[in-house]
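Here's the structure we're looking at; comments come further down.
Note that the chains are named A, B, C and D in the order they appear, and that numbering of residues resets to 1 at the start of each chain.
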Amino acid sequence: MRIAVLTGGGDCAGLNAAIRAVVRTARHRLNTDVVGYQRGWNGILEGDSILLDNDTVRGVLSHGGTMLGTSRSHPDLLQRGAQPLIDQLRRDQVDALVAIGGDGTLHTTKMLHEAGFPVVAIPKTIDNDVFGTDVCVGYDTALTVATDAVDRLHTTAESHDRLMVLEVMGRHAGHLAAGAGIAGGAAAVLIPEQPFDIDHIADQLIRRHQDGRNASIVVVAEGATPIPDTIPEYDPVVDHWGRPRLGGMGELVGRLLAKLTGYETRTTVLGHIQRGGSPTASDRLVASTVGAASIEALASGGGGNLIGISNSKVTLRPITEIAGKTRRLSREQIDLLVPMTTAADMRRRSSNR
Amino acid sequence: MRIAVLTGGGDCAGLNAAIRAVVRTARHRLNTDVVGYQRGWNGILEGDSILLDNDTVRGVLSHGGTMLGTSRSHPDLLQRGAQPLIDQLRRDQVDALVAIGGDGTLHTTKMLHEAGFPVVAIPKTIDNDVFGTDVCVGYDTALTVATDAVDRLHTTAESHDRLMVLEVMGRHAGHLAAGAGIAGGAAAVLIPEQPFDIDHIADQLIRRHQDGRNASIVVVAEGATPIPDTIPEYDPVVDHWGRPRLGGMGELVGRLLAKLTGYETRTTVLGHIQRGGSPTASDRLVASTVGAASIEALASGGGGNLIGISNSKVTLRPITEIAGKTRRLSREQIDLLVPMTTAADMRRRSSNR
Amino acid sequence: MRIAVLTGGGDCAGLNAAIRAVVRTARHRLNTDVVGYQRGWNGILEGDSILLDNDTVRGVLSHGGTMLGTSRSHPDLLQRGAQPLIDQLRRDQVDALVAIGGDGTLHTTKMLHEAGFPVVAIPKTIDNDVFGTDVCVGYDTALTVATDAVDRLHTTAESHDRLMVLEVMGRHAGHLAAGAGIAGGAAAVLIPEQPFDIDHIADQLIRRHQDGRNASIVVVAEGATPIPDTIPEYDPVVDHWGRPRLGGMGELVGRLLAKLTGYETRTTVLGHIQRGGSPTASDRLVASTVGAASIEALASGGGGNLIGISNSKVTLRPITEIAGKTRRLSREQIDLLVPMTTAADMRRRSSNR
Amino acid sequence: MRIAVLTGGGDCAGLNAAIRAVVRTARHRLNTDVVGYQRGWNGILEGDSILLDNDTVRGVLSHGGTMLGTSRSHPDLLQRGAQPLIDQLRRDQVDALVAIGGDGTLHTTKMLHEAGFPVVAIPKTIDNDVFGTDVCVGYDTALTVATDAVDRLHTTAESHDRLMVLEVMGRHAGHLAAGAGIAGGAAAVLIPEQPFDIDHIADQLIRRHQDGRNASIVVVAEGATPIPDTIPEYDPVVDHWGRPRLGGMGELVGRLLAKLTGYETRTTVLGHIQRGGSPTASDRLVASTVGAASIEALASGGGGNLIGISNSKVTLRPITEIAGKTRRLSREQIDLLVPMTTAADMRRRSSNR
């Protein structure tokens, strides 16, 4: 049985650990090397692959990014369907595929599975919003970077009595913003799951300052949105999927809060440093676990599944049930924001509207 | 409703984050301050407490250790039973208690619960072996420290073609050793769940060196033990609970492997730096979550439970079912060690004996 | 002898370590407590101070920011001169002052010294450009944060074959940009000391990609400027000191390089996280050294000096000679950029113009 | 001109950064590749070398250890003298050598220089005690690791009211112990430069605890020694150079302080994790600087020198003047320990004896 592996979508920490586990487990369990496709699905379409053995993956465990390269999906992938992929996989004598990726990758994986090709998916995204698993490869490292940024902003906020706004990633789900906000002790957290009321947040910050706390951190997910029609200058331009166009939400929130509170305010957009760097111990452990389990699944006929982790155990969930869904913060998790930050009152008020 | 909190047993990272969440949630949900007992259960027996409010817990989120102090249980706690504790709690007008701790703390908590006093427990231990939860406060930080140590030993092992042995904590369970071993890419991991065969490990290392890999890391849990009668000089002195006395397993393994392989070998005992320091983002998040949930549980009549996390959700499990049990590595988790390290073959051979 | 201390200008890591050393050394050498003025020079003008003793500074060694607060100088400080400051210092029975700060603080310190008040200055700035010392409090921490960002961007650049532009602080000097660029292995570094030729940098990056290196990092100091008239859209708006207005240089460089090279390009502005967070060991050591030495200097009549470090030794340099000067990268340090990055060739070409 | 490079002695962080700078600068300035000898001087004696070019050193900047391997000097190196080395260098058509190392390496380098072979030395040692430079490659990373350990021990010491003893490296000089002790806020620091009086240290700790500070950290350099005849059980076994045999000083101090103070005491021996791991930004910068400067020196006839850093500038000092000397803590640096720790009073008392 000859196995191939690829990484698709945006890069994150832990991908190399997952690739290494796939290769080492394939050698150990199936006594076979692994074909690695370059730059995501493009590597299959273009027949661009390398052979991966234990030597090739030596030392990559602690390296960020992906040794195979990655890319957003090839433009005409969806139009052309599974057949060109399957043709090339056959040419390369590949019997089964491990696809490491997020949303887009799951979509293509589902297509392959429905066309009868044995494939499993490993969830990776710093947004941690893949459905059907508790944790995605890359999230813990991004959470660590974002929390470190909140820690650093605290000391400068307190030295200058400032309001500091930090924009982190998270288009559809607030796991990263809420995680870093709670772990870092932010005063408020704005998440995609809960449209925000900027006036109320400003009121909360003013009350907080009146209590003698002159420094505050506000964490904003890039996908957070205001309650409709509450911010005249907010222009919800939509992309071609009808989703609000991202960009600048942290800057907008910073500008509005500065005006509404009168406090000295600074905004930081964390950007790409959330994706990169050496994976945390936890990300390496998760990646090694699901990487090894992906081979076990393929070896025992478990194709068509997402290899996730739930309750510290490996779980298999049918890709057909998962593709297209998003795991958002639960009501319980949002409620936890309340005593940990001032975001809660915001929530209550906004739900009265 | 007046709530008290204490921390018992060995310290770890994240305790302050849990205390802060207890205090802030008590203020937010119940509009009450919290009584903090000093130095674990001793604080109750000696009537030594302080008042905790939002100001008291400001800034402690990122601090290691516990602002309340902690201690191994008071010597005559078990003999005297729950009554002296309850008497003092009543004198202090405390209606319910949050006890943050491990094994010993759970035992006393159970005693209190059975005597009818409302109490919940929050699991903490760097060993990660409290039954009834997936994750314990303090584990992720210890895992991070231990993995960082493995990373550092790798570079010195490779520069000198050495065998490096690292002893980490873990008396009854190998979560920390296996976690750091997998995340750090150790050649072998020795855990309490699986008696080891030193000759076989030496053989594996020799074969590995013959394959051109002249540097190897072996991670040893302090509670790892050899297969009975395989090491003449191993003296399984037992403590007064009948458990093998800890201490020196890393040194013993290092000495034996040096002799059996002939390789230059160095041993490092990681020791107390595993416990301390600023908690990781994940530990702060876990601690904040279970800290907040402990107040919710007490407020809604959920006394007598361990407040754990399973599947990213808060779980309540009756303390009476949990106290005295240990969560060990599962067979699946041990099997994962195989392709990631050479430990697996060791396992198979040892089980043939 | 009664000593006061203040921190002025932008915050950075290590200020608390310096304050702690001032307080502990004053207690040890002079057997006196210390007056701490709040929010920089404003604290003197407004008579806002606290008493600092060994207890007050306990535990602050590892904390970022400044426990005294800080501020850009009070607007009418320069107009009113030293007298109002001296009047308040006398009212508070202060005999001598330790001022921790950068440019602006040195200016006011000089004013005080010339008016006859005993004062010493401790250099702090993440830009590392205070004249008369080799190293400033706060630089090493900022260098560590910026280098970590370069490391992280590397992995994402390599995974996606991207050009990543990172803007770091540094208005007048390129120590931070050059330091992080060399330590992180950037392909090019743009610094204030050396106007850049954007076409030539683009050529260098293209040649580099032609050699098979498809990922490149370009570090841009916020104060870097193009060779005059080489970039039509560059608008060198000047502030009221006649200095080019800062802001957006990273974004501009990123936009231009994307156009000139055709490579996928992303820009990150590191911003305020460079200032904050726990100081590195080196920053704590430097801050403790100059903090202690500042008391020794005042106790032995060394008023009017900047307390710096040169050649691992404490040095005293007259403030009157230092204020208003900037320590820039030397020609030797700039030359070092050449083999470490591609910046060197840029230099040679630009100097031919 | 053909250049060779090797790394000798114990490994540390930053060696790869230095090698990379040597290779890149040789390519840039001299348009030549570099010969890399394996495992220190053994590589020359055994004719074991590899060719190093820009591709070979790609990505090693942030890696700990040395890609060339290293070793303590070959046993019969000193007896056989420079000739066998020069013979092999000639056979390999090597014109000049860069030797990166500490004490032992300097000795051999001096021998080569005196025999007329062009050679320069780059100082590396985590002890930071090479004479003729302010800073050695590897020190800053070791300082960071040791300070992090002190930080971690603080939180556990405070949680349990314990005395924690930490043994760090430093056979002849206390730079690392003093640096980590000051940066970490230790209560006392024991260094080779200053024999210690264990009774006095115990008295200081008792007085400190009487002042309400129940947690203390004591940092012990491995080469610290007691004042002669003050500790009956101290056995100053000497090695064959007449130097006290190392090992166990931390454990001995911990045992004695536990007995003398009666406080709960724990000892940690930091060991090999001080050497390894990714170099700090500062170590990479220092290593890159002296690596590049070593080529400049050889290219311009500067053979026979140690390439150091002093006052942020590259310095050249004749190896013949430096070999065999040790840079110890200065009196001023030792005095700084006084207000920062309790070690100072110890000093005064001991000097009265």
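In the analysis below, a contact is a pair of C-beta atoms (placed from the backbone, for glycine too) under 8 Å apart; a residue touches a chain by one contact, two chains touch by 3 or more.
Remember, predicted model here, so these are calculated numbers, not experimental data.
*Asks:* Could you run down the chains that neighbour chain B and chain C together?
*Replies:* A, D
*Asks:* If every chain is reduced to the average of its C-alpha atoms, which one ends up farthest from chain C?
*Replies:* Computed centres place B farthest from chain C.
*Asks:* Based only on mean CA positions, could you tell me how far chain C sits from chain D in angstrom?
*Replies:* 29
*Asks:* Determine the centre-to-centre distance between chain A and chain C, using the mean Cα coordinates as centres, and give it in whole Å.
*Replies:* 34
*Asks:* Distance-wise, how many Å sit between the C-alpha centres of chain A and chain D, to the nearest whole number?
*Replies:* 42
*Asks:* Specify, in ascending order, the residues of chain B that touch 2 or more different other chains.
*Replies:* Residue numbers touching two or more other chains: 148, 151, 278.
*Asks:* Once you've mapped the touching chain pairs, tell me: line, ring, star, complete or other?
*Replies:* ring
*Asks:* Could you list each pair of chains that touch one another?
*Replies:* Those chain pairs satisfying the definition are A-B, A-C, B-D, C-D.
*Asks:* For chain A, which residues are in contact with chain C within the complex?
*Replies:* Spelled out, the residues of chain A in touch with chain C are 7, 11, 13, 15, 39, 63-66, 69-71, 145, 148-149, 151-156, 158-161, 164, 266, 268-269, 271-273, 275-278.
*Asks:* Which residues, counting only chain A, touch chain B once they are in their complex?
*Replies:* So the residues of chain A in touch with chain B come to 21, 24-25, 27-29, 61-62, 134-135, 140, 143-144, 146-148, 151, 179-180, 182-185, 280-282, 284-285, 288-289, 292-293, 310-314, 330, 332, 336, 338-340, 344.
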